[in-house]
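When the chains are written out, they are named A, B and C in that same order, and each has its own residue count from 1.
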Amino acid sequence: MSDPSISNAAAPAPAAPILLHEALTAGGRRWRWVRKHPTLIIGLLLLLIVAGLSIAAPWIATHNPITINPLQRLKPPSAQHYFGTDAMGRDVFSRVVWGGRVSLVVAIVVALVATLLGVVLGLLAGFVRWADAIIMRIMDGMMAIPDILLAIALMAVIRASLTTVIIAIAIPQVPRVVRLVRSLALTLREQLYVEAAHAIGTRLPVILHRHVLPNMVTPLVVQATFIAATAVLTEAVLSFLGVGVPAQVPSWGNMMADARNYVAVAFYTILYPGILLAITVLAINLMGDGLRDALDPRLTNQR
Amino acid sequence: MALSPATAVAPGDVLLEVDNLRTYFDTVSGTVRSVDGVSYQVQAGRTLGVVGESGCGKSVTALSILRLVPTPPGRFAGGQIRYRGTDLLSLTEKQMRQIRGNRISMIFQEPMTSLNPVLTVGRQIAETVMVHQKLGRRDAYRRAEEMLRLVQIAEPERRVHEYPYQLSGGMRQRVMIALALACNPEVLIADEPTTALDVTIQAQIIDLLRNLQKTLGMGIVLITHDLGVVAECCDRVAVMYAGRKVEEASVTELFDNPLHPYTRALMGSMPSMNASTQRLAEIPGMVPAPSELGKGCSFAPRCTYATERCRVDAPALASQGADHVVACHEVARVAAQPALQALSSPAHPAALNGVQA
Amino acid sequence: MSALTQQPAPASPLLEVRDLKMHYPGAGGWFKPRRKVIQAVDGVTFNVARGETLALVGESGCGKTTTGKSVLRLIQPTSGSVKLEGEEILALTPEQMRNRRRDMQIIFQDPYASLNPRMTAGDIVGEPLRNYPMPGGRARVDELAWLFGKVGLRAEAMKKFPHEFSGGQRQRLGIARALALRPKLIVCDEPVSALDVSVQAQVINLLMDLQQEMGIAYLFVAHDLAVVRHISHRVAVMYLGRIVEVADRDTLFSQPRHPYTEILLSAVPVPNPHKPAQRKLLQGDPPSPANPPSGCRFHTRCPLAQPICRETQPPLTERPVASATGQQWVACHFR
C-alpha cells in the first residue's frame, strides 16, 4: 500500500525500535550491570513469562480446563486447541496455563514456609547451645531420607489437598535451610560488630534482628530460589505418582501421568506440560545462579 | 659459612637502579598512578630504606622490580629498572624467572601466608635451590639445612622436615629470609618484614638482617613505616608520598635535617620521636586517593607551607646539599624552622635515660 | 554534658581487678585422657583510678586483650574478682550487667570489622542510645550531633555507610559509639595498631583530649611502647598471663626493674641514627600458654634465672622509687 502519509509520518518522530536500540547500546551503569549478569536476567524473564501466562489463565485459557468432552479426545494441535486435547477431550493449552498456577503457588509457598521454619530453627541452633545438639540431630535424621520418599510418606498419612502437598514438600527442605542458617549464625556470632553490640548493651533478640539477620538475607534468598525449583519438580512427581494434588485440579504432573498411556498416539499431551515444567525449573535455577553471582559481595566492586 | 658473597662486586657498587618508574593501574574508575616517576639506587652491602604510609606506592615499586605486578590491570607506563645494566622491564617472563629468587629476592610482611602450608620448610627452600642452581635433591636439602643454620634456627636438621604451622611467627620469618637468600642473591627486597612481629622478635630479625648483610654483601631495600627500624638498619632513606619520592638522603642527614614538609610532619606525628608531654602533630586531611592526583604537588592540600605555585606546579627533586634531594618549592622556608623542638626542650623530662633520645 | 576535669584519685579506685583468671579448655585428643588447659590469664591484679590511663603491654600471647575483655565480661573469666566502683560485676545477673555496661565501654582494634557494614554511621553511633531508656526524638538527634562533633566528624556523615569512611574516621565512629553512654571506663583494645602513622596521631590526640574533658579512665591494651609512653599514666607489663611489673610511666621507662621489661624496652628501635642500639636480646622462643613454665614463667628465657625461679612464682611486691609520686611493683626474686 503506497500511502504517502505513512512515509511522512515515520520521518519526524523517532520510532520505538530506534529508541530501544539506543537504550540497548547507550551504555551507562544499569545496562552494564544487566549485561554482566545474563543468567539472572534470562532466568527472570523466562519466569516472568511463565508466571504471566499462569496469572492470566482466566483470560487467555481458550476452554474450561476441567470440562470433559469425549467427542474431542486426542485431537492434535489446531487453531481451536493450540496444544491439542487430552484423553478426556480437555484442552491441553488451557490445562497447561491453569496448571502453571498450581506449580507457581507451590513453588512460592514452599520456599517461604521452608525458609521461615528453617530460619527459626537455625537461629535457635546457632545461638542456644543446648538446642543446637537436639535440633541438628533431628535434621540429620531427616536428611538421611530422600526428599521425595519423605514427601510421599507424608502424603500417604494425610488427606490430599493443595495445602497438605505444600507441607509435605516443604518439610524435607527445612534441614537444608537450618544447616545454612546455623552455619551463618555461627560465623556472624563471632563478628566484631556483634561483640560490639553486646558491649553497648544490645539485647540478644535485637542483635539477631539488627545485626545477624540482615547479613543472612543474601544466601537465604539464593537458597530459597533453589528450594522453589525443587518444589516445582517434586510437586510434579507427586502428582505423577498420584499422591499429589487431587486428580481434578490440573497440574503439570498429573497431566503427564494421564498422558502416559497415549504417548505413542498423541505425544503433545505429554510434551507441552513437560516443556513448561522444564522451562520453569530451568528459569528458577538460572535466576538462583544469577542472584548468587550478582549478590556476592566479592564480585560487586562498584562501591 | 659455606656461602660466599656475590661475585665480583665491591661494597658500594650500584646493583639495581630504578629510573623514573611509572606503574599505573587501569580500573573501572580511572587510571590509578600508583608509582609516578620514582627513582632510587640499591648498592651492594648497603641498605636503602623506603619510608611512607599506606598507598604511597612503596610496595608497588618493589613488586614492579620483580615484575610481580599483575599486568592487566597494571602496566608499566614509563621508566626503566636496570639490574647490572639490563632493563628488567624489557626481559621476557622466562628471563625474569631466572632473576627472581636467584639474583633478586623478596621477603614479605606476612610470614604465614607467604609460606606454602602443605610443604615442609626444607622442601620449599630446596625447591628454589634445585630450580636455580641445578643441585640434586640431597645437595639441595643440605643447602636448606645450612640456610636454616645461617638464620639461627636451632636444630636445623629437625626443623627442615617441619611444616610452617609448627613454627612460631619469628621463626617463619627467618625461614622466609632463608628462602630468599638460598641462592645468594645480590639484592634483597624486604617489604615490611617486621611489622607483623612482636617487638622482641623484630629486634632479632633486624639484627639478623644486618649480620647477614655484613657476611653476604647483598644490597637491601627495606620498606617500612617505622622510623626506628630505619634509623637502625638503613644507610640511605627515601621518603615516598602518593606515588612519588619526595626526599632522599643518608640516614643521619635525614634525621638531623629533614627538609620536606611531609617528612617533618611524619616525624612530628610519631610518638617515638616526641616527648610524651608534647601533643602529637596531626597532618590535616587524608592521603589523596591515587586517582585524584592533580598537576601540582600531591602534598599541597595538607601542607602548612603550601603556596599557589605548589598547587599548580609539581616540584622536581632538587639537590639540597651533600647527597640530599628534596622535591619542594618552599625548602628555604622549611629549613628555617627547627625540626623537632621537643627533643631539646628543657621542659622535657630529660632525665629519662631509657629508650627514647 | 558538663566537662569534668578530675585528677586521678588514688583513694577510691574506679576499677579493682583481683586475681583474674581465664583458663580455656584446650583440645584433647582421642588418646589423651587429660585435656590441656590454656592459661591465657593466670592471676592478674591491678587497679585503675578515675580519669587515669593504665596501659597493659606485652607481646602476643601474653593475655592482655583477654584481660581487657574479661574486665568487661565480654569473655567470662574463670575466676577472680572485678569491682567497678566497689560493686562486684562478676556476680551480677545478665540484666544487671547490661545496666552496668553503661559505665564501661570498649574500643576495638579493627576499625573495619567493628562496625556493621549495613548500618549508617548515625545508627551505629546511636545504637547505645536506643538500648537504654533515654529521651528520644529531637533530644537524641542533638545528642548524636554532639557526639559526632566531639570526635571531629561532620553531622552530614551520619547518613553514610562505614565503607565510605577511611580507617581513621571509622575508628572515630567507634570512639563516638563508646562515648554515647558517658562511660567512666573505656577499654581500648589496641585502638591505633591498625592505622597509618599520621592517622594514629589524630586518634591518640583525640583520646587524650576526651580524657581531659570528660574524666574517662582508660585501660589501654597495646604492644606499641611508644604510643603507651605517650598516653599512659601507669603501665603494667604482662608476660604469659601474668603481670610482671606495674609502675608509673616515667619510672617504668627510666628505671625498669623486671628483666623482661628491660629486654622489652631495649628491643624498641630508637629513631636516632647516632645512637647505636644497646640491645639485650631475648633468647629462645616464647613458651605456649597451654604449657607454661613452672614457677616464674619467665625463667626459661631470663638472664638471671636460678633454681628458685623454677620452683616458686615470685609475688608482685612493691619496691621503693626515687620519685615521690612514683610507685613500682615487681614480680621477681632478685629485683
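Basically, a residue touches a chain if its C-beta (ideal position, glycine included) is under 8 Å from a C-beta of that chain, and two chains touch if they have at least 3 such contacts.
Source: prediction; values computed, not measured.
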| item | value |
| --- | --- |
| Chain contact graph, described as a line, ring, star, complete graph or other shape | line |
| Distance-maximising chain from subunit B - centres being C-alpha averages | A |
| Centroid distance [mean C-alpha coordinates] between subunit B and subunit A, Å | 56 |
| Where subunit B and subunit C are represented by their mean Cα positions, the distance between them in whole Å | 32 |
| Centroid distance [mean C-alpha coordinates] between subunit C and subunit A, Å | 53 |
| Residue list for subunit B, restricted to those that touch at least two other chains | none |
| For the subunit C and subunit B complex, residues of the former touching the latter | 59-60, 166, 168, 196-198, 200-202, 204-205, 208, 223-227, 229-231, 249-250, 253-256, 263-275, 277, 279, 281-282, 285-286 |
| Residues on subunit A engaged by subunit C in the complex (per definition of touch) | 191-193, 195-203, 206, 210-211, 214-215, 303 |
| Residues of subunit C that touch subunit A when the two form their complex | 72, 74, 98-99, 101-102, 105-106, 108, 110, 113-116, 118-119, 127-128, 131-132, 163, 174, 177-178, 180-181 |
| In the complex with subunit C, residue positions of subunit B that touch it | 53-54, 168-171, 198-204, 206-207, 225-232, 251-252, 255, 265-274, 276, 279-283, 286-287, 349, 351-357 |
